[in-house]
Amino acid sequence: MAAIPKKKLVQWDPAEVKAELLAKYPSKVARKRAKQIMINEAQGNETPEISANVRTTPGIITMRGCTYAGCKGVIMGPTRDIVNLVHGPIGCSFYAWLTRRNQTDAGPDGENYMNYCFSTDMQDSDIIFGGEKKLTAAIQEAYDLFHPRSIAIFATCPVGLIGDDIHTVAKRMKDKFGDCNVYAFSCEGYKGVSQSAGHHIANNQVFKHIVGENDAEKPGKYKINLLGEYNIGGDGFEIDRIFKKCGITCISTFSGNSTYDQFASAHKADLNAVMCHRSINYVADMLETKFGIPWIKVNFIGADATAKSLRKIAEYFGDKELTDQVEAVIAEEMPEVLAARTDVRTRTEGKTAMMFVGGSRAHHYKELFNEMGMKTISAGYEFGHRDDYEGRQVIPTLEVDADSRNIEEIHVEPDETRYQARKTPAEFEALEKAGYTFKQYDGLVPDMDQGTIIIDDLNQYEAEKLVELMKPDIFCAGVKEKYSIQKLGVPMKQLHSYDSGGPYAGFKGAVNFYQEIDRLVNSRVWSYMQAPWQKNPELSASYVWE
Amino acid sequence: MLLRHTPKEITERSALVINPAKTCQPIGAMYAALGIHGCLPHSHGSQGCCAYHRSALTRHYKEPVSAATSSFTEGASVFGGQANMLQAIDNIFAVYDPEVIAIHTTCLSETIGDDLKQIKKKADAEGKIPKGKEIISCSTPSYVGSHVTGFSSMVTSMAKMAEPTGKKNGKLNIIPGWVEPADMEEIKRLVGLAGVKTILFPDTSGVLNGPLSGEYKMFPDGGTTVKELKSTGDSIGTLALGEWCSGEAARWLDSKMKVPCRVLDMPFGLSATDRFIDALRMIAGVSVPDEIALERGQLVDMISDMHQYFYHKKVALVGDPDQLIAMTEFLVSLDMCPIHIVTGTPGKKFEARIKEITKDMPYEVNVRAKGDMFLLHQWIKNEPVDLIIGNTYCKYIARDEDIPFVRWGFPILDRQGHQYFPTVGYKGGLRLLEKILGVLLDRLDRDAPEQSFELVL
Amino acid sequence: MLLRHTPKEITERSALVINPAKTCQPIGAMYAALGIHGCLPHSHGSQGCCAYHRSALTRHYKEPVSAATSSFTEGASVFGGQANMLQAIDNIFAVYDPEVIAIHTTCLSETIGDDLKQIKKKADAEGKIPKGKEIISCSTPSYVGSHVTGFSSMVTSMAKMAEPTGKKNGKLNIIPGWVEPADMEEIKRLVGLAGVKTILFPDTSGVLNGPLSGEYKMFPDGGTTVKELKSTGDSIGTLALGEWCSGEAARWLDSKMKVPCRVLDMPFGLSATDRFIDALRMIAGVSVPDEIALERGQLVDMISDMHQYFYHKKVALVGDPDQLIAMTEFLVSLDMCPIHIVTGTPGKKFEARIKEITKDMPYEVNVRAKGDMFLLHQWIKNEPVDLIIGNTYCKYIARDEDIPFVRWGFPILDRQGHQYFPTVGYKGGLRLLEKILGVLLDRLDRDAPEQSFELVL
Amino acid sequence: MAAIPKKKLVQWDPAEVKAELLAKYPSKVARKRAKQIMINEAQGNETPEISANVRTTPGIITMRGCTYAGCKGVIMGPTRDIVNLVHGPIGCSFYAWLTRRNQTDAGPDGENYMNYCFSTDMQDSDIIFGGEKKLTAAIQEAYDLFHPRSIAIFATCPVGLIGDDIHTVAKRMKDKFGDCNVYAFSCEGYKGVSQSAGHHIANNQVFKHIVGENDAEKPGKYKINLLGEYNIGGDGFEIDRIFKKCGITCISTFSGNSTYDQFASAHKADLNAVMCHRSINYVADMLETKFGIPWIKVNFIGADATAKSLRKIAEYFGDKELTDQVEAVIAEEMPEVLAARTDVRTRTEGKTAMMFVGGSRAHHYKELFNEMGMKTISAGYEFGHRDDYEGRQVIPTLEVDADSRNIEEIHVEPDETRYQARKTPAEFEALEKAGYTFKQYDGLVPDMDQGTIIIDDLNQYEAEKLVELMKPDIFCAGVKEKYSIQKLGVPMKQLHSYDSGGPYAGFKGAVNFYQEIDRLVNSRVWSYMQAPWQKNPELSASYVWE
């Protein structure tokens, strides 16, 4: 396929762009959005402040979903051997049924409920008289049919409002069954301001009800947990492949292709590697406080980032055997990656991208675009917090607003019996002296170029304007945004579901991504929008017979 | 096996729904509202509902689906959503400037008892509704009915826009029900051929099957105009296609606006289309044009040519009541045998109607309203079929049980064509036959031993 | 294996054709003649030819195909077929009373040198041709060209019916070439939308896709009328769709009747249809109507939506030159890779054209005119493909090599739909995309490991 | 499916019908056709005479095919391990490519050329300069590619006219190869008056070039050949199944699912059972004269006929073991047949059929319709001869016309070494005394009811008239006739290709046929032709709103 030459580079002044985006808003909205649209003018290490994790404006068409989506859809969805029972009217369970592309390997035990959709399908009578009886019966029926090792209950909007006590019901059934752990999530959709609250609610319950349930020793020399990886399009499988090859044992992944037992054994790992900072950094903190497992930020999106992350893990264990193996793996995997990269760069170099997705992805995928020589001219998160933009140093300064206040924060203490420091203070010190950083994340902003535009909770109106004004070669967001962007003639790549592509993580994933982006930004298709008669509209006389 | 935990043995379930054959009311209201020209659907609830509905419709149509939400917070859930709604109205008219905002409720706003009529009054009083703009609304608690009843509620709200002038407009109202944009287009084509002037509502053709032209229109060219909707009260009559989707609106116009109505089945297949065309020509007092007669004859011709492949093939069906009733009748007319039929939508009269249609069939029929696909799968395990017709979720059953599968209904998430090619009318019947025949013959070719692999079928 | 004796290793063959990708001229002449209203095709040769052609066309269309034969005996073969032909003319007009008898020759009558012009003269002289009735004829020896050239010859004979009055009729001649009845109908629809008055010839719509109504019409309602054919000499111009099928007739009208012509590709796929529509609007001096622009935009939309599944898929094609040229261009425009392309019809310029269209493709292209399906199969064994597009005979290769297969071309003997749903024009393009996508995604679903079995595609 | 009640019986006077059929014809044609349209007024054993195997009238749309079709298509087509190379322009080979439904089992050796189409694709230069060189090259290429045990060459129209000596070419190549028998058929399409001439040409060559080539003894106690069975839709497989069950060894079938070696060994059988009298009775005669194998007429179409034929074979061998086994098989197979028959008869009894097909089929299938209680009100052959209508007794009186004269008649003598009488004269006499009849066939006419109409070489015009006048419940012929009949609303069953159905022979075949005819004559489909508005056409006022 011949690359279609595009007249680049569109000239634009970020201040003008920002003004354009705000122009049409009522003043109240304009003031609010002004704080969420930031022109990147980072000087040195002082980053400008952005407003994030704040309410969505009613009536403004947002990309965001709800707390239930974050809890059931994102965090618990990928866990295969837990029966995820949604307590509420049918819709919420239906929409979360197989619509995220968390891949799952049923494994030897063959337990896999991912393809099923479970609901109490609440009716008006349940709303009036309460739904606890129906929930109890549904749990019993699920248990009788499947005898799963665990049943998770998710509350949707009305449940909280009518006051069903799902936690008591769960407890009662857990005690009744004995061989099946049952627990509940109060993840009503109206809580918080985005999916983010749902991640938090989910992770808290996993930590409270599952982590530490299994104290059996796990084999393996270099044991880690991978936090915040959801195995979209098989990303997790690729990372597992690489870990295996390196000799690293992944005790548990939160929560891609995960099982109940993985969570239950998470405390047996010696290091937590955090992928998606937004959805899970607090779990890493809790695991450290309670069990003494230190954590580091990693990123397996991008081949170079993957290599860097592997080396960081190896450095932590400080064992030559592992270091050598990691280097050997990198040496073996990179040539193919570089070959693909060199090839596509001839067609992608200098092209521009925009990304508005997730709470870390927009940052992670910048790595891949960099590797292709593509510039990210605007980016932002759908449900990120300030620390995801500006770095963890701002965390102490974040004020907790009304919406976040009700999202439970668990206070954890070191476990009397099971807390165990993974290294001596001296060892930690030595590492840090050598420049090793634990629990460190600097956020998206420092990585963005001067003058690029960073926008939190981008909405449909702004997205359309942005594309019209800045004419990127590719735009990345979710399925709801895909087709309105493409109508404008700009290819759109879904970075939630990958448009049924992937994996894009690790080494093989990088190659997949290079090729996919090459296909998109160089496709002939976008040249078909104009019909010949639009190109030269003059008429009749001009027709030439043979 | 993808659905490895589904046992053959069937146990009654009183509380647990597994693999639903329905979804909730609001998405139906949203789809219907998209059939109004220049309309922005609005979901009065927490933002997740709106996100889910937009995603589902987008995956089905591979087209942009715009809709706004009141983005309830916990506070709003306690103190009521009026403030959010009023703010939304301001912002929507300021930023998107639609002709109409079509608001539907959710389980959240219904549970806390928000009163949309009252909110609209307030908005009006506060001058938030620009001159010439409309706000309509309907009540669609997710814990009642299904996506089908939600669709029906919004269609009824559309009917309630009628502003009779007392002077008849000489037009026929046609309420097509929840069918594809291509189906609505086809209905308009047939009606046009029959020479009947009509108001079709809702009408998503030109809205959810749009072109790629380099331009993004948040409000595409299609859709029933407000002017038309206001005029429905002056029409000579209303044909409602499908009891579940369209009956309520038609009867409202009948009782309140004195516009007589008739509720027909959706025009899928030969006989239902016959009844639709027959109604048209009698209402219009015209004789059926040759072009329609030809299309009918072509459908009958293909039925007779291919009858040997349809004859006594067992079929499992899942979908929505109006569609299933017409499809069941069509299959029976082909001498096929629909033996397992499930809809998630409640309604005992659905089961009665299906039993009536299938009474002469040589097999026992399993039919269930308010059923789910888990039950359908169990029925299939107990009595295998030659064909499954239903939405994309059936592919898991089809693969596990190795059964030919035709995608039809909502949602279709993994194939293309439904938004471009109608299955209503005689031409639609030809398309259905082609698809059914295609999968049956593909299977025949796949499984034929080499001795009997056929060139000519 | 069905074709177990086909070796991977390719050896040149100078004399032996195996599994042909063409058939003989007369069937093309017969199909073309069926596109004249009230015409009875007549095969001047032994009765077997006629029987074979009628059977082949009948199996493809599942419709009656009437044609007469001179039923040569050994005697006639020695003394000439004039007596048989004259007797046939008597009997045909007496028993069937057609408007036109369209005679084509066969290898038999050509080898013995029967002179149809002379026979017609004699029939005329002997008053065997009733007033107002027509006899046309063309020479179609089976040992020259292929079914495509035979079609072209009869179409040229139709052009030769032109009787210019000197007064222009304001119409445009369109010669659609060997396409399906549904395609001819679709071309008429597009031309109608563009507001161009035309004479389409031949026109088999309404002839070979007729209804079942309890009545048998030996001469169905469809077809180009003699009146229209006589008027082609007064037309403002001729658009010939397809060099092989339609070029000769168009050029004859140009050189002999001074009706200017332009030969375009058959309007399959986006670009070829663009050129067709662009020609129409320029000739008519009209701007392209929104309805056509919308259909175009929908096609482009689906191409962009599904591009990921088409991208770099390898395709093997077999069929007739005009169709293959357009299809190859269409596939390339989807970023698909047609790598093996065979037609049985001779013509080096076919190979040149294909090479031109595929020159930017990342793969080596095998193309052969006067090739056969045995060669195509061998090419596939040496370089496998993701998709085969061709007539029903491809199913043997598709099954042996386990390759997705889309039926397109002539003959299609084992599926339905081709006579009812066009593949020309933008809507036809949508149908082609739907079909191609269908088989590719079916394969994806079939072969996907359970971990990556997808709900949404 | 509920049977649709049909108002029967249409009243018609055969003489009027005949007059109607002839009314429109020019007088010359009318005179000719009058002799081929016979009202059955059989009294006692004197059958009226019909004109058959005569020329088709030019311009009259016939059902007939040509000599090539009969030779290559019918007789040689079903033979799987012979490369059938058609010498001529491409068409004739293309049209005979897989269009008959002779099923084939590739067998252990796996040789099967049925799915292939071989042609010399003659071009104008070959017509002008002669095609022998090209033919020679093509044979060589076929040999080099496939190394078949035999190659058969078929001449199409031009070959005879330009005088290619295909037989000499064949002989030369046969001698050259040594391990591959090559022979040719001069079956140009213009010869004879129908397929029948082609059958004759094919069978003669098979007899001359193949039969007797293999003298190896064949195992088996009760050895027969089945002549004139072409395994359409698997008929032959069903008959083989029954033979096997009975302990009867079928040395060779002419020519369904046959191989070269079967033909070559045919002379090793002890009895020839003739199915299709028309296409092969003369081969049976030659086999008797040359090798001493007696022949009987059998019919495996119809369950009762099958039983009768099996008993007739058993009676010939006169061995209790065989007789008992045959009776056991019949006893085992018949109940299922009778059950199906009883069921369908409730819906088929009294319905009427017409059959115009083949040179024996119209007669054979009458048996099946009888079993269903259906009356055959009109029938005839496409390419039958007088003896097929009136019985073999007329053979001596048949005059050979110009068209038949050139179809070779082989004169055979008893084989010096291999002729061997299968029974002693006494044994034959005993059998015949017991009423056993050898080489006996009484034809269709005696089996047809008084007043039915028998028509030879029915054409499209007459078929349409006949259906309009006599309104049968089903009409049987070939694919060319199928859709014009069905347009009239009368179901049409193909008895050449079975519409991709079958098998219809033997016991299981009978059940298949019962069910197929039941489906056709009782289908709802024919009630759809009228639209509701045709049933009650009055308008407007009458529309009833709810």
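Each chain carries a letter (A, B, C and D) given by its place in the written order, and its residues are counted from 1.
Throughout what follows, a residue touches a chain if its C-beta (ideal position, glycine included) is under 8 Å from a C-beta of that chain, and two chains touch if they have at least 3 such contacts.
Remember, predicted model here, so these are calculated numbers, not experimental data.
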* Structure fact -> Min route length, chain touch network, chain A to chain D, equals 2
* Identify the chain pair with more contacting C-beta pairs: A-C or A-B. => A-B
* To do: Would you kindly tell me how far, in whole Å, the mean C-alpha position of chain D lies from that of chain B?
  => 54
* Averaged over CA atoms, how far is the centre of chain C from the centre of chain D? Could you give it in whole Å? => 34
* Name the residues of chain B that each touch 2 or more other chains. => 2, 59, 62, 210, 212-213, 293, 296-297, 300, 303-305, 393, 396, 450, 454-457
* To do: Specify, in ascending order, the residues of chain D that touch 2 or more different other chains.
  => 98-99, 106, 483, 486, 528-529
* Pairwise touch network: line, ring, star, complete, or other -> other
* Which chain D residues qualify as touching chain C in the complex? -> 24-26, 29, 55-69, 85, 88-99, 106, 110-113, 115-124, 126-127, 134-138, 140-142, 144-146, 156-158, 160-162, 188-193, 402-403, 406, 460-461, 464, 478-480, 482-489, 528-530
* **chain B-touching residues of chain D, taken from the complex the two chains share** => 1-2, 98-99, 101, 103-106, 234, 237, 483, 486, 497, 499-501, 516, 519, 523-526, 528-529, 531-533, 537, 539-546
* **chain B - residues contacting chain D, complex** => 237, 251, 254, 260-263, 270, 274-275, 277-279, 281-288, 293, 296-297, 300, 303-305, 307-308, 311-312, 333, 335, 360, 362, 450-452, 454-457
* Structure fact -> The chain B residues in contact with chain C across the complex are 1-2, 59, 62, 206, 209-213, 293-294, 296-298, 300-306, 392-393, 395-396, 399, 413-417, 420-421, 427, 430-431, 433-434, 437-438, 441, 445, 450, 453-457
* To do: Sort out for me which residues of chain C touch chain D in the complex.
  => 2-5, 7, 11, 13-20, 22-24, 26-27, 42, 45-49, 51-56, 58-59, 62-77, 84-85, 87-92, 94-96, 106-108, 111-112, 141-144, 146, 210, 212-218, 344, 374, 393, 396
